[in-house]
């Protein structure tokens, strides 16, 4: 077991890898597939050339959508902007400050000038640039960079990168869960290796994947999923090694009442299997490109209602009837196998849940969280953390009130977070001018031994206790 | 009990958190025969704690009761003895994600005490990205516990603390919390002497007054293929110098942020309704002469209120990526 | 009319003036009264010596509670702290770092050393001070200053100072309205001279006073007040010249329904005058010291219910009966005069309201704001701003919803504000570590011509319109 | 119409704000015979605007309708032509209160055009504290209008703008808005040439790249007995230098703050309810075999949501008090 850490093979991009493209603050998750055209930031290219290169390499886009590794030490921000004016008193806005025409720029492009070089040309040919304040120069360069630079960096996916990607590109798909709020959830729920964690989410699998990353393939995660099948696109994007998936279990919440009542029969054919079969598709879906996921309107469980209406009852010519019969049998056989798989999975998940000894609970969905929380809390051991995310504070107030009524939890806390990014530049340091409006709300707490005598439990929590009680330790 | 693995029952030698009420907790070292005095009376460890399930209710001698909780890094953060300013959960959570911490195999062969861990990793060592973290400024160990929780069972933490008394105290705590096998504490000055390791760290965290002086050591401690680094500083001038140092040392993706916790206290408030007097447009029945305005009518509203004063600033977090070198 | 601006008489503290005491961030409003003992920051003193001094003078507290003007150019922060350590690695916490004993310090005090000098002595005799970080040094000095310094500055009151004072000392009395939120209200309601403004508040008169300050004695303010009588303690603290009070009118909301229905009879004896007579006391109350105001539990209108139960029905010896009779008559006469005054006031306010042409509306109270807003909006001209403060967002959501249903308003905006203070010191610049948790919420908007056809009014407001519509101007 | 006094009806020569819908407005110069084209059709000034009451609904040629609003400094701020970065209402409101602006008599006798105002003040000139404000960095006039509104009818504003084109343009606007009698615009550099007045200002506001260079001029412009000053700067380095300059020049109560607006959009959201399947603990009636779970049941919640992106920073406001000199 000689760990050669800096073995480059661990850090080499391979065919089939799930990777993340980055340009500036913009990310996109894709899978490396041969000859597959990828569209990113309004440009298309092929990732074939990335195979064999190291992760975190920055590529230039050459003509024909070919990626070329950028020479090292070509620092990103070297555009020469020396000699900034201190204010803009002398700038006349006459629209004639740029000497290069649009045609000139096109010519430069055809000559094969790189983005960086074109921007330098634009600066050199601007009569007002040197009189602009540094602030204005900065804005100018940024604008031009966006227009003319064509580089892309290929990153290994991580919770950090995917959370930022989803938040930036498709916040609607992850219930507007901001990355810093996700960070809080993972910590507040004490997610770590060798524990048993329940996850209920409709965040495209991002939350589930983040939990799995933190568990590192040790322990077990049970995805409690609504509707037809579990959504996993986000999990795929993490590109976990195969054995991680052995730690992942799934349980459809439509069996939750039966499980709680002890009437769930996992030995027989799943009574609702027909309904759920179509969801296999969702699981097999390996499309890492989150853009194609269609959670927006038709949510997975809604979609599942429409499929599987089959060819039964349609008229088939007699000659083909036999073949049709065979095909049908094969299909039925396949279906049976799948159902058996499904049954086993359900049984496995059910047996994990039956002990009611899970170590953590994470909820982040577009569902009203209160009933979900109340149902799933039952499966936690005492003295274990849980955390519920909602985009709306009102939902968590409801959860809080219900928990206070019912008892069985302590340390309840309703929170949200401010996230500020800073521009740190010589003489130009300030918070970034654009800011996320909100990152959603969290309710976190700790389970304790359940108890029916409510008044006692609530008695002390209501009274404002001193911040720290003196405690003396004595031996004997 | 360990800070990196749950147990069901309280055992002799455990550290348990006694929950006394809202925002009132205290850590207790469980010891057969010992007693702990609380405002609700005495807790007798042998009978009241040992063998009990974590999370259960313990009735104290005066008849009052408490809950006994399993320790977690987050409960520790609000209960630990302060030897320095500490990092709180909001910053810790952000640091953990932004440094991309997770369980991982240990790579640093110069650390003999870690060899035994390879057995755990052997499930599929090829796929596990090695994680090793260096921290300068161990302080009271608030962040350290959270890091250890996240990188266990297969990561390793190298932590540097220049104050000898503190470095000894924190090591003692790591032992009590059964995480000492995952951590190496060094009593040295990171700015002068670095981290004591080279080319092994996936992540470095700096919580020292002059982080910019430790940036080159951070770089040296990190793996050839790169990694993430974070510096925590209360003052903007420190951030400016640190960003410059990161940039000078070739770090990329330099990004300074600030995360602030906002707490919402759930309350039911009663708002009085105004009395506009009798409404002449409403015909008063001649037989019911008394229609007094509901002078003290009010409505109940379920709402949240912020605490009057909140923590308005802890520090700036500056993150950067060390590229392949 | 020769305005001698820098005539010191305008800036001299006079007996009877309402002033504000300041030490650091702590304020207290008091009236200058001879031989009156004032308690401020746990110290007592007399303000007599302040008379004849200029506003903004800083005084030292001498023994016997005597104020002595501080010599100029004794800068506050000159405490010598040279030579800060960069970190605290060498500090051992052994509790022996201070060489001065408590007795030593008492001796220094008896020797007549000023606070500043004592602190310098403490620093000089601390073995660890020079090794502390600047941050820690700073904290140390602040702590000691609080303990040993005894200076007080006397300020002329202003909206800024009183708003900060109330927020710092007694936020409960002003419904936790933070000063920056009050600033927004005055601007959003376009408060200015020569307009007619309605104010409904239960903020001890702070909001009313702030509106009056902004109007500068031009125009009219109508205080719509709940319960027995208008609360004015905060207004007194502003120390407005007498003619400002001529612009102030008052109307009890218990007559609002009658006024709206047009049935309010201001010519006859006020039917509820008996009930409200006791409130004269509240109006006459000149106690500027807000601390004595008892809004906390028993609110003014509740208190008023208990008074005026008189001596009627008690047994009086025959001899004194006549005198008693006389006294009673005098009292009745007085009462009559007061009632007549009250009637006139009511009539004046009613006539101001009857035109339903007010220019602005400001609401800030502990009452549920929605009914108040809906009732008072009726008295505004079209195209006039209004602003409602509430400590609770939920209340303003209700107002917003009701206004949207009803129509007659545009530009509705529900907002709150973050306020951050900064410590700006060489190498120690950062946001202040303690911050206000919240400053309350505002709903602001503009009235438009009332209209019964709701659907049309709501139609367009719901649709997300483009941010700025292109408009072309053509002549002809 | 004037920006410092309401009128009931729209008159020829007024500036009116046409409200087209949520966050969509446009200012219109009312001129007999003129027309304004909107997306709802044409507005004919003579018939649709002049003589109408402010706040009334105007039906456009295409049958759509708009509201015509009386201008206020706040409406102007969101509708004015941007010639520079402007100050918005949140900062303006804070500046107005913290500078202690209010109506006041004019004191500066060197300003001949102000003499006529003394008639208005004569009600009781003794009691009115004089207010006069100096501003450097007039820019697009967003703050200026708000100041004028607050100090009218008896205060005066001296505003300095180094950019000639802009200073001419803003003066033109002041005339159109009928506030020019309250303001003096100077085309000069406050850092070099100061404010053009000495010892008359109660308050000074600085919105220039190097405010620290203008601090001594600010002091000179202010009254002997003291007053308030404010500097607006986007960058912390500017704040640091300005605070130092204030301190060097003997200013007191130096205080830097930041105020951020947060907008809450009121919405009704529909949250689906989870389907946990049939509940066996609930006895199903044998006759009613069909008790399908309410698959698509949802609850409506009235809530607010923040806009996705908000203004995260405008600038720091540094206030200070000039003591008596």
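The letters A, B, C and D name the chains in turn, as written, and every chain counts its residues from 1.
Here is the rule we use: a contact is a pair of C-beta atoms (placed from the backbone, for glycine too) under 8 Å apart; a residue touches a chain by one contact, two chains touch by 3 or more.
Listed by chain with UniProt protein names: A, C = tRNA (adenine(58)-N(1))-methyltransferase non-catalytic subunit TRM6; B, D = tRNA (adenine(58)-N(1))-methyltransferase catalytic subunit TRMT61A.
The structure displayed is predicted, hence computed values, not measured ones.
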{"item": "Euclidean distance of C-alpha centroids - chain A vs chain B, Å", "value": "23"}
{"item": "Geometric centre distance via CA averages, chain C-chain B, whole Å", "value": "41"}
{"item": "Chain B and chain D, separation of their C-alpha mean positions in angstrom", "value": "43"}
{"item": "Overlap residues in chain D, where contacts from two or more other chains coincide", "value": "236, 262-263, 302-303, 316"}
{"item": "Junction residues of chain A - those touching two or more other chains", "value": "393, 418, 420-421, 429"}
{"item": "Chain contact topology (line, ring, star, complete or other)", "value": "ring"}
{"item": "Chain-to-chain touches, reported pairwise for every pair that qualifies", "value": "A-B, A-D, B-C, C-D"}
{"item": "Chain B residues touching chain A - in the complex, by the definition given at the top", "value": "4-6, 8, 18-24, 26, 28-29, 31, 33-39, 53-57, 65, 67-70, 72-75, 89-90, 92-94, 96-98, 100, 102-105, 107, 109, 118, 122-130, 146, 149-150, 152-154, 199-200, 223-226, 236, 239-240, 243, 254-266, 302-304, 316, 318, 321, 323-324"}
{"item": "Chain A-touching residues of chain D, taken from the complex the two chains share", "value": "162-163, 165, 189, 208-210, 234-238, 262-263, 269, 271-281, 293, 296, 298-299, 301-303, 305-316"}
{"item": "Residue ranges of chain C touching chain B (in the complex, touch as defined)", "value": "86-89, 92, 133, 135, 171, 226, 253-258, 261, 263, 366-368, 371-372, 375, 391-395, 420-421, 426-438"}
{"item": "Chain C - residues contacting chain D, complex", "value": "1, 3, 5-6, 8, 10-11, 54, 56, 158-160, 163, 179-180, 182-184, 186-188, 190, 192-195, 213-218, 241-244, 357, 359, 381-385, 393, 397, 400-401, 410-411, 413-422, 424, 426, 429, 441, 446-449, 451, 456, 460-476"}
